[in-house]
């Protein structure tokens, strides 16, 4: 029985009168590479923000690494990494300074070594001291990935990670995911694009009408694209 | 059912007490020894001011309870109380100015700390309502206005302190409003305050109800509109 | 490293390179001082009487219109969630930003005071007392400005809402009493004479910082 790193039960979230999540249940095990698909606006970003503790749910339980998440739980955040299509980077600071700042707030040890090796891994070492404001979108996303794994989190959430990435950057991302996964890190991504990343996943699910309506694992993956199309058709009626 | 009975009862009391206090203030009490009939506005001025403070106190307490429980009903109470409070506050300032004119000859003096604090309160009410009007979502509206009402509430006594500091350097002799209250005048004052209190409570109950109905209507509209957003 | 320290350094670095706040503060304050100088050049007046109000109006308006980037910038740049994600409390974010802004605004005020003495040929009072009371008043402006900026950056028309929310809570508390005490300094009082009142204002400051520290969580969690 693999260790459960995330258990979400009956997650509800509304924005005003708009019900976005209607009782989401999800379990993620250690070492999973779980991809959640869903059409635009269905609530994927809301769900991933709730699971990564950025946003509180209206009701429901979230258990990460065996600990129940409450308002104000801070310590668990050291085990969580998050990469979004927003890079969370300060344009006025250099790549190095950005990573240094995040090292400070995550209390990362051996800062210099860690920043150096990460910048080399994402191919930005030669631009360490340039301001992030001068970076292209692809470079910002690569730096954002470095920021997301800086503190060696155990579970990494990715929100549309391929958006704006060129082929080289996509390869860097995929390679990094696979190598980190081999070290025992767990991944959870969301995307609306079934073409990218599907091969890399070991489990997939579909979010529709506020709930996770379909999940596959391993060999069942072959049936997934057709099922996804059916569900999308159902949504638009 | 019980709710409706309560509303009618409070409204009824408000009407009765208002009629009695009008009679007491305008007919029963004798004219003031120095100010004459103009002094009669004093009863409603004091009542308005006290109710506006009460209203903001309710807003403050409801905001605290909202932040603790995240139950929207407390936010609705806070908001409704502020809406009603600003009306009484405006009345208090207007009646206060009219009274000030007859006592001191000017419509406004900064030195009088009661007028001053009521003005600060009025501005805080305006800011609170402006904040709510510009909020981007139901939750942020409730959270942000609750925090602001707490800040505003804390600033009221502080502004009183600031006024005192200023007064130390620029002391002004404020003409006393003259004499102590006769028994009949005290009675009129008490009834005015009670009347306005019942009026406030009645308006609050009605306003909270309207707000709750509005939200229910919104929910229904959303459901009918469907989830294809 | 302490979260407050990390945010403090980051704020200083970002502001010194971006200069959003510095520019708007300087432009506004200088315009106000120049306007008053021009306005008062056409009439006879007692300069020492007006020195304190003019100075504090410059500080107040400067603060009011330049403090909005504190939190708005994080939202616009998308870095707000990066901070929420980190294992730091909202109160650390508030304190870090508060200390950084205090340093920046206080330096700007010293510069504005210099310009003021150049523009207005007023007798220079006891500098130590003046700087002390300006510092105490500034703590109030920046601490309240900080929390109100956090609130207004979550509203539509945030640039307009900051002054609307700030005026009732700041003008009649810290600014009014600071004007009063500073005018005494300009009239020749020393620190010892104004000690009691200065302590009062410092007490207000402590209350505002405490309120901000406790309530910032509810504002940032949106």
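Read from first to last, the chains carry the letters A, B and C; within each, the first residue is number 1.
Quick note on the criterion: a contact is a pair of C-beta atoms (placed from the backbone, for glycine too) under 8 Å apart; a residue touches a chain by one contact, two chains touch by 3 or more.
Remember, it's a predicted structure, so these values are computed and weren't measured experimentally.
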| item | value |
| --- | --- |
| Chain whose Cα mean lies nearest the overall Cα mean | C |
| Leading chain pair when contacts are tallied as C-beta pairs | B-C |
| Label of the chain whose CA centroid is most distant from the centroid of chain A | B |
| Between chain C and chain B, distance of the C-alpha-averaged centres to the nearest whole Å | 31 |
| Chain centre separation in whole Å, for chain C relative to chain A (CA means) | 39 |
| Centre-to-centre distance between chain B and chain A (centres being mean Cα positions), rounded to whole Å | 50 |
| Residues of chain A touching at least two other chains | none |
| Per-residue overlap in chain C, given as positions that touch at least 2 other chains | 221 |
| Sequence positions of chain B contacting 2 or more other chains | 137, 139 |
| Touching residues (chain side chain A, partner chain B) in the complex | 15-19, 41, 209-210, 235-237 |
| Residues on chain B engaged by chain A in the complex (per definition of touch) | 137-139, 215, 218-219, 221-222, 227-229 |
| Chain B residues touching chain C - in the complex, by the definition given at the top | 67, 116, 120, 123-124, 126-127, 130-131, 134-137, 139-140, 143-144, 146-148, 150-152, 154-155, 158-159, 161-163, 165-166, 168-170 |
| Residues on chain A engaged by chain C in the complex (per definition of touch) | 49, 52-54, 56, 71-72, 74-78, 80, 82, 84, 86-93, 97, 101-102, 104-107, 131, 147 |
| Complex contact set, residues of chain C against chain B | 144, 147-148, 151, 154-157, 161, 164-165, 167-169, 172-174, 176-177, 180-181, 183-184, 197, 200-201, 204, 207, 211, 215, 218-219, 221-222 |
